[in-house]
Every structure is written in C-alpha cells, then in structure tokens.
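One structure, as structure tokens, below. Some questions next.
Letters are used for the chains, namely A, B, C and D, taken in the order the chains are written, and counting of residues starts over at 1 for each.
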C-alpha cells in the first residue's frame, strides 16, 4: 500500500468529522463575538473550544503533509486551499464544496454543469467570506469609541456593501485591525465575485447559443 | 398527444395574457407604493388585485409542473426562472424577452445576434430589477425616522448607484427590510451587469476583428 | 454608379470637416459651461453655433439615411453609433477612431493589434464620455442651492469616481437633470470599462503565453 | 556581434543592480514622505539620492534605446513598460516579475502555469501601485487644511478602497495633485484588477473542468 492510498484513506475517514468540527468552530466563534453578556466561564470555554478545534485542524494538516511525502513549500502550494484554511480556520467550512462533490460522485448522482459548479462554489465562498469577515470586523470594531458599526446587522450590511464593491461608506471600520481584515475581504471578494460574474456570463451565452439552434427559450 | 405538446400548447395559450397580468402586477404595486394619499378602499383593492394576480401566477406554475411530468426539485431547477418569478412576482415582466423572441421566431423575422440578445436580455433585466428594487426599498424606507430616501426619485437614484456598484452613499437604506432587499439587488445586479459587460466586450472584439478583414469601420 | 458608392463617396468627402465640426461643438459647449461671466452677446453666439453645428450633423445623418436606401428602424440599428451621436452630439468626437483607422488604412500603415485597438477605442470613449458628462452635469448642478460640486475640477473628479465605479460620494449630483445624466454615464462607463478590462486581460494572457514559448519577458 | 546580443548582454548585466536601485528609490521616497521631522540635511540627501537614481534609470533607458536600434516612437511603444517606469520610477520594482522569471528560466526551474503567472504579476503590480499611490497621495494631502487623510495608515486604507473600487468615501483626497494621482490609480487599478479577476475566473474553470475527468477535487 503506497503513500497515495494512505493519503486518500485519511481524507475519506476524516473529511466528514473535520467538516462538522469546522462548523462548530464557526458557531463557537460567532457565539463568542455575538453573545456580549456571556459569563466569564463560558467565555473561557469558547476560547478553549476554538483552540482545541484549531489544533485538530493543524494536526490534520500535518498528517496530510507527512502522508503526501512532499517537501513543505511544494505541499503548501499544491494544497493551497488546505494551507489557507489552517491559517484562517473561519473559512474552513468552504470544504463543503469538495465534500459534497465527492459524496455525489460516490453515489453516482449526476453532477452539475461546469459553469453551475463554479458559480455555486464561488457564491458559497463569497457568502462564507462575508459572514466570517463581518464577525471578525465586528469583534475589532465593537470597542472602538468613534465606530459607526453598532450592531451585528450593521456589520453584515457593511460586509455586503464591501464584497460587492458598492461601498456606500455609511458604515466603515475605523480600527487598524478592522481595516486589515476589510482589505483581505476586498481582495478575496473581488476574486470570487469575478469568478461568479465571469461564469454567469459564459453560462448565459451558452444557454442563448444553445437556444438559437432549438426552439425559442424556455423561461 | 403527449405531455410535451400539452405543455407547449399551455405555454402558447397563456404566455400573452400572463405577460399582461405581470405588467398589471408591477403597475398595481407601483401605484400602491407611490400613491401615498390613496383612500383606504383603493388601498384594499390594490392588495386584493396583487393577491389575485399572484394566485394566477402560482396556478400557472402548478399547471406547468403537472404538465411537465417532472418531480419537484428537478422541475424547480430546470425551470429556474419560472420558480424565481413565482417567488418574486415583481420580476415577472422579465418574461417579455422569451415572449418577444418566440413571436419573432413564429413570424420568421431575423433574430438579433447572440451577443446582442444577451446584452438586450441582461440590460432589460437590470432595468427591471432596479425599478422593482427601488419600489420595494422605498416602501420599506418611507416610514423610517432617520431615512435619507425621501422621494421615489431618491430611491431610483440610489438603485442606479447600487446596481452599477458605484455606491455613493449619499442615500442608503437604514431599515433591516430595505437592507435585505438591497443585498438581493447587489447580488442580482452584479451577475447581470457582469453578463452585460462581458458580452459587450466580446461583441466589440468581434466587430473589430471582422473589420480587420474588410474596409475601415462603419460607424 | 450605385447607392453604395455614393454613400462611400459622401463619407470620404465629409468625414474630416465633420470631425472638425464636432471638436468645435465640444469646445463651444465647454466654453459656454465654463466661462461663467460671459457677456450675453457671446452667450447667444455660443447657443447659435451649437444649433448650427447640430443642424449640420442632422443633415449629414439624413443624407446618409437617404443614400443608404434603408428603411428607418433598420438604418438606425445598423448605423447605431451614428444615431447615438446625432442625439448626443457631445460624443461625436468619438468618430476620431474610425477616422484615424481609415486614414491609416489608406496610407497602408501597419495597424495596431486587435486588443490594442479595442483598448484604445474604449479608453478614448471613456475619456470623452467622462469629459462630456462632467461638463453636462456641472451645467445642471452649478445653480443648485445645496450642491457639493462647486468647481469644474470637482465635476471632473466626480466623473472619474463615477465612471470607474469607485463612487466616493464626497461629491454627488443633487438635481434631477444631473442625476439623469449621471445614470447615463454609469451605464456607458460600465460597458466601456468592461471592454477595456476584458481586452487588457486577454491581451496580458496573450503576451504571457507568447513569452512561454520564447525567451523570458521583455519588460 | 550584432546589436541584439549587445542589448541582451546589457540587460543581463544591469538588471539586478537596477532592480536593487529601484528598491532603494522606493525606500528613499517612503522615508522622505513618512519621516516628517527629518532634519533639513537628511531631507536634501533624500532628494539628491532620488535624483541620482532617476538619472541612472534614464541612462539605462537611453542605452537600451540606442542598442535596440529603433526609432523613438516605435521603441517607446514596443518597450512600453520601460517607458512607463522611466516616467513613474516609483513603479520600477515591477521589473521584479520579468527578473524572477528570467532567473528561474536560467536555473531551469519549472515555471508557474500561465494563469498563475498572470495572477501573480497583476497582484504584485496592484500592491505596488497601491503602496506607491498611497505614498504619493499622502505627500500631496498632508499639508491640506481640510484633509481627512491624517496618517499614512489612512492613506493605505484609502488606496485599498480606491483600487478595489469599493470607494467608501470616508477618506478622500481634496487637493488637485492628490486627485490627479488618484485618477491614475483608478485607471491602473481597474486594468490590473480586471486582469486578476479574469485570470482567476479562467483558472477556476480550468481546475473544475480538469477535475470533472478525474476524481473529486483535492482541496
């Protein structure tokens, strides 16, 4: 039995538990940020849970690295998304897309078309990026004296305006931490949104060109 | 006579009356939102008309579903635009594009080129999305105490700045309802606008590359 | 001698004088808008010049229509850019691109590559749209009591922020006329900018893929 | 030995020293802008260093022009990036991309895929454009009486919001110089960002379509 099959077996065994752990991570972080009047005991429990979960993710990353048999910089490059989600564990639920794909594949279910999958993947990623970003920026901004971001609803509204590049400016981060996270969201949001609109455009052209050959469009 | 021909016959018989009904729906909704000092009797009539028209659309959707002979999730997916316009009946006039196309086809009229049709379709959709969004957000915001959206003109100006992602921020929704609709407009507007600009870009390249072979450009 | 050659001959004879007339139109309009303290006599002269030039453009359009031998809606569609510049004569200098192209062609000069020509064309159009839009919006806004657009420099800055969809919102039109022109600029700007970025992206990919085959990139 | 090989030899000998000189130029300029309370002697030294470095770059440009054996307008066009970085020496570190590429090539290292290279190139250029732009605008704005850009952190935040076209408008340049540089950043940023998103979109489609043939996605 060679390394590759060990790697695959590790992936198949751990992917569902780790995905659930990533959801728990996101939920714990959200609870920590949003439940302002949490008693100190619970607060410590939250931080402890986050730490344990992150160690779990780091262990998974290390095991994958060893099983892959690759050197470090090369592993980090070829498993780029794994590397990103170890550094930014809030984005880990993104792995639902390959997971869902893999499960569908095993069950032999028909898969979505290429463009539909890219749109679904990039849209889900954008939503998750927006939600995680709103949480993280809200945590930074809540304490600032001259903030305009008073509720989590404000943070979500700000995140939507930022990722879509509308940028009203009625609510903006004022702390250095909040602005740094915001810049990351701009970069990621732009790339993902470009993928959504690009694929949607190609997909629309495809539908229209297919309909030219057949009867008038369906609806 | 099989199911498909029944479906097609239903479509051909109902498409023009239903399109007129969708215009009536949009007009009634606009009247309801814009005519502030409407007497209560008329107001109830408006709501009643909207309800009846929506039931009509829902019935059409049900009949199509039965005639198509498909299971539900699959029908909702393959007839995605039908599903969207049942949930958001304000966007139903969008069906003018396939309708116009079908009529042109029956009369044997020459059809627009592929890119021109995608541009026309996406531009019309963007306009309709902007108008319906401006109406819906204006209805939410009108009552808010600290709103900056005082007239319907403000709402249209805000909608244009939002869908084009310019986002000046001189006028922004402040209610939760208005912001939720605004997020939907950002998502839809970005996808449609990407389709417009993408197609326009391809179309321009096509025109220029065609002109390279012939004489200098016409106009 | 058939209609087509008459059309071509008309085009060749008139294109250079009409282009100079379009520059005069833009300059006169700019003078009219920017020279606030112009004596009434000069002001009337400006309007008179604009009217005469516009009648010239309208006559050219009519002659082309007759010489083309086409019915009206079809002529307006196939000569779309001509139709646009009759309605919006400020954009008429756009015809420099086909003019320059035609002159280069007659002299047998080597033409730019496809992508370079689309980029040049769309960039020039964007600049002209921004300048003409800044002039037209400034004329609307200057008199408004609560305007933030005090100088023509403000108008140019606002136009750049609008066409690039940055939309700071530090300066925004407040009159209905100014906002209507601004919406037109958003629509046109987005389409043209999409063409610039799309072509630039394709062109960069082309350069990089060409360099993969040869030596390392030049610079 | 012909002109071309002289040109290549000049390039190989000078590229590393000139790249280090360009980093020194950027660092000196940054020191000049950011160190407010610099003694006058150091200030003069900074200007002197910038001048000497720029003369170095100009000499390199002249030598390349002579060695290339081309006429001026043609040389400026075919060596477009060289021409840009002589006029705007702050952007000169951009030459790291062809330099890195060339070194990798000589060592026979495997090169990144086409899309990855365009993404890397355009992202690096965007970062550099943003940093250089933030420095230059901050220098213009610092003295202005009614500025909202008080620290260099504000300038970086403004630059990120501008290049991503989010444009909150919480911080905006108010001087003519700052606004002129900002317009250049909008133009450059849009083109580069379009290249990043376009390539990312193509690259994502490529990955997804490759995975359709093989096993479910890796991560």
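To be clear about the criterion, contacts are C-beta pairs under 8 Å (C-beta built on N, C-alpha and C of every residue); 3 or more make two chains touch, one makes a residue touch a chain.
Only a predicted model underlies this, so the values are computations on that prediction, with no experimental measurement involved.
Ranking B-D and A-D by contacting C-beta pairs places A-D first. When every chain is reduced to the mean of its CA atoms, the largest separation from chain A belongs to C.
Shared numbers divided by all numbers used gives the overlap of an interface; between chain C and chain D this overlap falls below half, so the copies present different residues. If you lay the C-alpha trace of chain B over that of chain C, the rotation comes to 90 degrees, to the nearest 5.
The centroid of the Cα atoms in chain A and the matching centroid in chain D are 30 Å apart.
The geometric centre of chain B is 43 Å away from that of chain D, both derived from CA atoms. Residues of chain D in contact with two or more other chains: 161, 165-169, 193, 198, 202.
Chain A meets chain B in the complex at residues 153, 157, 160-161, 164-170, 193, 196-198, 200-202, 204-205, 208-209, 212, 215-219.
Within the complex formed with chain A, the chain C residues making contact are 165-169. Of all residues in chain B, those touching chain A in their complex are 78-79, 81-82, 95, 97-98, 101-102, 105, 111, 114-115, 117-118, 121-122, 161-162, 165-169, 172, 176, 179, 182-183, 186-187, 190-191, 193-195, 198-199, 202.
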